[in-house]
Every structure is written in C-alpha cells, then in structure tokens.
C-alpha cells in the first residue's frame, strides 16, 4: 500500500506491504527496507528497522498523524490518494504560523523587500511574532489589516520572488 | 498544623487551566465549595468540569473575561463566594483587582493591594529590598527614551530592558550595545503597555551566566514570615522557565541560609501577607542579587510542596482566613523534586504557541509522580491563553532519583493532537548538563538549542514514516477483512488489535 | 541511594490488577522492560495494556493461570525476562514458585525459597521469633482434630483457628468455646487446603480488642536488615484490612523503638533477603506479640512509601539485583499517610464480592493524593480474583491532615457499574473513632457495622429516586426535542448538557 | 413522566414533571414534593428536596442506574414501561448472590428446613459463602450440583414455604 505524506515542507512517499508474521517491506522515499513491527499491549508499536529499534505511537486527527518515536514526536499529513499538493506556499513566513491578531503591517503592495525583512507582526498568546520575508522579492499584495484576527495557515502577504532567487 | 480559623465556605477561582484545577483540588479537600469562571472559549474546559459550580464571565479574549475585574467580582457575588483565589498570571498581581475584591467585601487570597502595588513595581521593590539589606543588581529607571539611554550609558552593557510592572520575563530583552537600545526600549514599552497596562521601563546591569534562584516565603501580614526553601529555575528559554527544582543543586547550606534569610527579611520588612517568591540572580562568583518579588503563587510551587510536604494553596487560604503561620521549624526539607512544564508549542518553529484539539492525552500515574494538568483527551487548546497544558513533577530521595523518575514520567506522557514541547523537555532531562546541574539561565539557548533545533527540524526519520504507514496499512487491511468492529473503530488501540502480542525479544 | 548494581533489563510481573500496574510503573522508571502475564479473563486488562509486553498464561481460573508455576516460568523464559516479581497474593509466598524461578536461572524478587517456607509456616515462624527474642502469643498446633481440641483446652477460649500457611486472614476464625471448635477446625482445614494447598491448622490465644501493628523490614540476605517504620492496620472487617496508615496513632517513640527493634532482630536472625513485614498484635495493656511474618510486599506498602519517601518496589528490585541496603539513618519519617482499599463488594449483602463492568470510573488526582489502581472506565471486574480495584492513599503533615485529604479524595472518587465499598470507606474515614484513632481490630464489626448496615440496607432515600428519575426525564425530553446529539449521547454529561449552569447559591 | 424502579427487593415508583426553570414536581411512591435540580459543570446534579440538599451522580448501565448521593451509593433498576416484575424470588438466599462454584449441597428435595438453616455453599473470590434458608419450609428441588459454576442470580433451591410463614 502506498501512502503519501507531508513532513513539514517535504513530500515523503511510503510503500508498505506485509511479508507475513510481523515482517513488512517498507520503502520510504524509494529506499526499501525490511521492518519488523510488533504491537505492545497498550497499542504502541515496536518497530525494528535496519537502523534500530523504536517504540512508536500513532494518533490520527483528520488527515494528520501524530507520531511519537521514542522521545521524539512528528506530525505527518496524509495526502489524499493521487492528489498531491505542492509544498505549502509559506515555506518560511508568508502565512500566519498560528492564529493571532495582526498588530503591525510594515510593507505595502509594490514594495521591494530583502530576505529577512520584517513584513508584519502578529500577536498570539501574549507574544509578538514578526513575520519576515523568506527571500528577496516584490510584495504583490498584503492580505491582512492591523487588528484583524487571522487563522493559522492564512495567507498574509503575496510575494513575487526576484528572478535570481526563483531557481 | 495551625489552629483552624473560621474558614471560607465558598471560594471563586479567578483563573483557568491547570492552576484553576489545582486550586479546586485543595478547596474540595478543605470542604470549601469552588466556583469556576470561564470565557466563551472555555465552556467545556476541565477547570469548569471539576469545580463545584461555574460562571461564564465573557468572551474568549482575556480582556473580556479572565482580565475583566467587573465580571469576576459580579460572578463572585452572584455565586456567594466569600473569597477569590487569583492563581498566577491574569490578575494575580493586579492591585486594582485585589482592591476591588476587598471593596466588594470579599477576601483576596494574596497580599494586601498596597503590597502588590509596591512590590510589583520593580523600581519600588528594589528600594524595599535595599532598605531590608538585600543586595540588588545595579540598575536605573526613567520615563523617557532619552533619560533611559543616559542611565544605560552609566550602567554599562550588556544590560537588561524590562517592564517595570509584570513578571515572568515578558517583554524582557538583553541589549548588548548602545545602538540596539532605542528599538529595545520601544518594543519593551509596547509589550509592557499591552500586557500590564503600564509602559514603564526598567534597566539593569546584565549579570552574565547567572543562575535564577528563588525563595518561597509566606507572611502572616502582621510582621511574621517564614521561608519554604529555594527553587532552582535556571533552565529557561527566553526567560521562560522550563524545568524547575527544589532544592537548587547550586546552593549549599551556607548559601541557603543567606538566601532564605534575605528573603524572609524582605517579607518581614513589608509585613507581607500570604505566599510570595523572592527571586535572586546567583552570579558565577557566588554573589546573589535581588531580582524581583512575585506576589503570588508560582507555576513551579509543586516542587516546594513535594520537598516540604506543605500544601501552599491551603496555607494561602488559611492565612487569608486569618489562620496562624506555621513556625519555621515546622518546615522540613526531604529529598528532591523536579518539575517539567508541558506547553503546546512547536520547537521546530521557534517554539510558536500551538492551538487545536488534543485527540489523545495520557498523563502518567506513578508513585512519587504528580501531574497538575488543565486538559484531558478531547479538550481544546484555545489560541487566546498561555499554552501551558500541565506540569509533570517527580520527587525522589535525591536529585538523581527525582530526575530519573521525571524522565520516566515524561516518557510515559503522551499528548497528541497539538504539537507540544514534550520532545524538548524529554531531551533536556536526559542531557549531561542537567544531570550534573551545570547550567545557567542562558545555557539552553546558548548550548542546548542549536543541536536540538537541528534534530527537530530535520526530515522525520524513516522509522517515523514506517510507523505511520504501517498504522494505515493495518487500518486498511482490517477494513477489508471486515474484522469485528474494525471499520467503526475510532481508536488505534482497537484498530491495531490483531497485531501479535509480545515484544520481539 | 545505593551504588547501582548490575540491573535487570527485563522483569516479568507474575500478578494482575493494581499491584501489577504499580510494579510496572517502577520498572518503567528504572528503565527495565516489564512483561505482563494474563489469564483468558484479563486479555484487555489495564496491567496488560501498561506493560511493555504481555503473555497469556492460561484460563481464567487462577489455578490455570496466575497460580500456574509452569506457565509463568515458560512465559518468563519466552520473554527473555531475567527476574520475576510476584507482587502479593497468588504465588508471592509460595516457596515452590521461588525455587522454580531460581532453578530456571531467573532471579526471584523476594526472599530465598527456604525463608519463604520457614516464615510462611506459622508454627516455624513462631519458633524463629522466639529464638530472636520476639514475644509470641501463646499458641499450639496439631495434625488431627483430637490433638487440636486438647491443645485448645490448655490455651483457653476465646482462641483463634487459622491456616498454618498463607496470610491475610483467609480461613481465620475466632472460636468462643469448645462446642464450636470442631466445625471451625473442619472449615479452616478446607479453606487452608483450597487456598494454600496445605490443610495444616494453627491455634492461638485470642487477644481481645488488640490493634494490628506491623513493621516493614528489608534485609540484604547476608545478615543486614533495616526497618521502615510501622503501619497501623487495625481497621479490619473479618480480618481483612480496610484502612491502613503510617505511623500508628497508638505507637509512641518508645514503643516504636521496641517494635522495630524486634522486627529487625527477627529479620537479621534469618539473614532475611528483600522486603517483608513482621505483624504484631498490640494488646490494650501495651504488650505486643509476634503474629506472623509476610515474606512479600504488602497491599498497604504505599503508606510507608509516602512517609519515608522510599520506593519499596525499587528497593526490592535493587536488592534482588545484588544492590546494597541503605543505612537505617537513610530512612526518614515525615508526616502521615493513610490508605483506603477500594473493593468491588456489596456492604448491603454482607460485603459479597461483585463482578461486572465498570461503566464509569473517576480516580482522584490531587496534590499529596496517590492512587494505585488496576482498572479504568470500561474495564471488567472478573469473578475469578480478589475484588480489589484500587487503593486511594493520602499524605499530610500530620494524621488529621492526611485523614481529611483522604476523605476528600474518596469523595472525589467514582466507580459505577459494579457495587463497591466506597460508601463504607467514606463513612469510616468520617467516623469519630477513626478521627481519634480509637479502635481495635474488631471495632468495625462490633461498633461500626450495625449502624452502617442498617443505613445501606434501608430503602433508597427519596432524593436518590428523584435524581434517577430526573436523569431519565431529561434524557427523554432531550430525545423528544431532538437537541443536537442528544439521542446518540452515551454520556450523561452530554445528555444533561442543557441544565442550567451555576449552583443554587 | 413516570418511572418504575426496583430498589433491592422493593418496587418504587416516581412521577416527575418540570415546573419550569430548575424546579420539578417529583412524587416518590405517591408522596409529592417540589425538587430543585441543578447540573454542576461536571455533570453531577445538585438536588434540593424538602429534606435536604444533595449532590448526585447517575450512571446508566443497561436498565440499571448507579446513583451516587453524597457519600452513599444506590443501585436502582429501571423497570421496563408497564411490565412490572414481582419482587425477585430470592429475597434472602435462594438464588446465587454472585457468580461462583457450588462447593457443598446440604439439603435434598423433600427436606424440611428451618429459617437460617444452611442449604448450600458457594465459593467465589477465594471465600466460602453459605446460602441459608430465608424461612421455614420444604425443599421442592435443588437446582445445582457440587462443582457447578453458577451465574449470579441463578436459582439454586426451590422452596415451598410453610403455610404459617406464607402470609
């Protein structure tokens, strides 16, 4: 069975099939490996891959999977079969990283901005977060106003990257 | 431990989350009815479910609800409460709220309004400390940017810019040179004004590589005060405490004697009433300086409770009801306790606070492990408030035992549905520096975070993807096979029911 | 506290329920993998869910599973466990099991087989105690009814008839006169044979209105032993402990010194290995007598853990792995702890054990409250085993504080779906005699039960029927109104969602 | 709304109707009273009756209701609408009080027994429980054998009460 995942900004593909017993053939991003998987009494999984032995716990939340692997935690989004989304346009700051209130807008449509330049500020949970430009470019439009409450993932600025930066 | 005063029959808790639940536990135990308050965003919250009664006080925004003095006093009156416990944060250090509470004929479970006012103003608190003979960090204040710049030049850099009011490091900033000062002052003023309603700023010399040590004190309001040992709170990220413990691994008996005596002298000098914390910076050379006083219960109070055996909330309530302070000799120290704060925040994205729904939460339950939590499975984490979910606290016969136990308890903790700092605290309690107690308040950012950030921003390891994919594979194969209950099973435990029992070796 | 021995990597827990869960917690904390075993009736049990791995060992009947030595050893071998922890009950005091464990090359976390055998035989234990200079109750033994009758005549009535092996008061009977002796001997023989596989009987003079005081000891197996204070276990119903505490309100420092010295002398005299309990009867005149020794962890060990800060299971494991015993001076006493056992039993029907499914369970979570539990909501209570569900334990700065806290914690406990003894323990902790510590081992049956039984066998009060009827009324009206989710709501919290918030004043 | 309950061996009837707000008219066994009922945030009910103020919690389990009232607990069985069962025939010992194994049978069909006389013994949860006759009478038949595992509520002995005892 093939599953496609979004791991932050990365697209990851996994092909998994049962080999019988507790053994599985699992290819992650095209690299195949044999994996032993056992279920612990409380639902956790013990995974043995060629690189080691891990205890995992997977909780679904919509298309999202919260995956604990030993002391670490990962959030993977299950991409709906066939339809593959491109990397989220944000990749470093053009969407609201969390829900909050826009407190300052520091650029306007047409402004040329450099990488790292503050674009706007968002206040959430009593802290101010400055949204900076991930690259040099030109602001096409600003999609939020001061005082506006925005949802997490909401686009805030449309940016036209510089030609030299776009490749 | 003290003769029983005429006790309140009903107390309103002007807070939410884990601290509201924790206060309700002591009220229930004391036979006092608890009244919860909640905003529109907290209608089904755990602190509402566990109180004896509950009143909605306003919209989700804190200004409309948990910071809404009028609504809180009205709820207290409507419920018949005789006292208000403010918890920490929100209005806990707001003198106006304490005044309004007392003006309404209710007891405020905390210091007198003028004590909150005086000690909450960092400039005034500093003067109070000086008069009580407590060493202070060289510092200065000013009402204009120009005035502040001049004072800064005299103090020398690096220096600290912070709000004169408020606590918890909000709006605090280290400035390394004169060039960066103006922006820092502007930003701190804005944060101070928004968070504390007062933009006044305070500058102070920045002690490099200090430890943050604080002393828990309790005063009776008529000149008596005792201490309940110190807490070590040096494990901070951006001035936000992450892991705290009692006692401090950096404090020996001689230093403990000096620190606690200084804190008690300060408390006695103002005839302090109730529980409070005197914060000190401990310099690498062993000198210590008064930092500020928090006129409330601290987030990290449980470590003191576990080491002393004293319920601080009960003590607060008893004192507010006119009870006597225990003698200093009644405060015994045994063993060690360490706390980790569990926050909904994403270390891979600069520890951004997270909101959402916790699809699955499992808090540990084990001997010598305590969990103060504000959420259970299925509960939302609203965007509007401090993202603290819980505190996991472990006690042990010594520091090593407590740390090992905390590490196990954090391994046994699960919170899925919202990204949390669990990987961060799990990694911290396993680090060699934490094991040795060898860190200062800047150690996390200076030395721990670079590697940790690289770890959590790297692509997920193949095993994580394999685990996620295998869980899907199994779900799908169960659905195809039509195994009993498989299609409808909402719970991965059930869905994985056919996996072979017994570990691989 | 002790230098770290070469530690086990995996330990099998030969038990079920709350004690299996509690042992797993310490194993997890120590970084040792835990192996659960389960009978066919316990497939989804909490102790199975919380262990690292689990092995099915046989049918529901204890003889086929938890008492099945062969199956347990096979499971230990198959799992790669290096040691077995027997918990309490089942095979915990079975020398054959300890032998078989050691013969299989595994460590038995408990005393040596010959210590179990010698101390488990009440006649031999008595001789050991005498040799160690510990006072014993006058008593006698015999292998035939005739022989026993003769011995009884010499001892005088009332006297106690009990199994020579086993503990916990099973099959124990007080006989007031010679006429009742024959039936008591026959019944005790049958119970002894069925419960312990040995029908041998022991008679002893019955001390009237005694207290049951026991001393926790730990030995290193090479002649060293320490104590961890005493426990007061006088609150019993038919020789089954209900509420236990540490320290005893009937023991002053002088008596404590004598009791603990006697217990340590006994342990040292047999070079005792591991944790054990020396039980004493304390007569109203202040004399005390050796009763028996339990060569295992006690149900009530948590009260000792809370007062001393020591994890007894960890200590057991460390000693079994060759670790050193802590010094007596490392055992500090602070405050007071009290435990209530929660059983599935029906006080209105002679405390008959109950089985069924727990539809809703809520264990308390509060500072200084500990819960060791074997079930959560939705779990079955099988008919085959001891009906203990959990222990609720409270610590406090003194006895009053601990008792008040326990009372609050029991109020905050809910277990619905199976009838439990919660009303019984809630009433006990509120009684004046318990508050004053003024009771003996027969007080519950003599003075407390008559009124309590009348209370619980009376018709349900009108308010109970009103509450039940109003819950139905509301459910029906919601279903009619078609309020969102009402028809499907399985949870009364949801079903009652439209009731007005806020208490009546 | 009328509900019929079994409270141990007793039949209880309750009539409840809303009076508006948080007030209800509740008749228990024909005696009417006004009751105020409020829901606490965690689902518990605060009930005020003429005799006092109680906190209650009701958990359904099939037709059974577990009712906590302050420190006490009650088990009430909801009788299905209309069909009223008589008191359970056991009323003191002729049914197995819990599941267990029959270890001794001390009477046989035709035996005359006195009130309190042991009839049989049941072992469950490591304890022996003697089932005694609730009244004087004649054993019609014994329904269980030694060694038999019986379910809770299972009839064990059929008893014909003495005429003098039957009224």
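Note that the chains take the letters A, B, C and D in the order they are written out, and that residue 1 is the start of every chain.
The rule we apply is simple: a residue touches a chain if its C-beta (ideal position, glycine included) is under 8 Å from a C-beta of that chain, and two chains touch if they have at least 3 such contacts.
Please read all numbers here as calculations on a predicted model, not as lab measurements.
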item: Chain pair, A-B or B-D, that carries the greater number of C-beta contacts; value: A-B
item: Longest centre-to-centre distance from subunit B, chain (CA-based); value: D
item: Subunit B-subunit C separation of Cα centroids, rounded to whole Å; value: 38
item: Separation of subunit C from subunit D, taking each centre as the mean of its C-alpha atoms, in whole Å; value: 29
item: Approximate Å spacing (C-alpha centroids) for the pair subunit B, subunit D; value: 51
item: Per-residue multi-chain contacts in subunit B, two or more chains; value: 49, 52-54, 411, 493, 501-503
item: Shared-contact residues (touching 2 or more other chains) in subunit D; value: 40-43
item: Touching residues on subunit D, where the partner in the complex is subunit B; value: 40-43
item: Touch list for subunit B against partner subunit C, complex; value: 1, 22, 25-26, 28-31, 33, 49, 52-56, 78-80, 302, 305, 309-311, 313, 330, 332, 334-335, 363, 365-368, 370-373, 395-398, 401, 404-405, 408-409, 411-412, 493, 501-503, 505
item: Residue ranges of subunit B touching subunit A (in the complex, touch as defined); value: 170, 187, 190-191, 194-195, 348-350, 352-355, 357, 359-360, 383-387, 411, 414, 416-417, 419-420, 422-423, 426-427, 430, 455-457, 459-473, 476-477, 492-493, 496, 499-504
item: Residue ranges of subunit A in contact with subunit B within the complex; value: 1, 3, 5, 7-8, 10, 12, 14-18, 21-22, 24, 26, 28, 31, 33, 35-43, 45-49, 51-54, 56-61, 65-69, 71-76, 78, 97-100, 123-129, 152
item: Of all residues in subunit C, those that touch subunit A in their complex; value: 36, 48-54
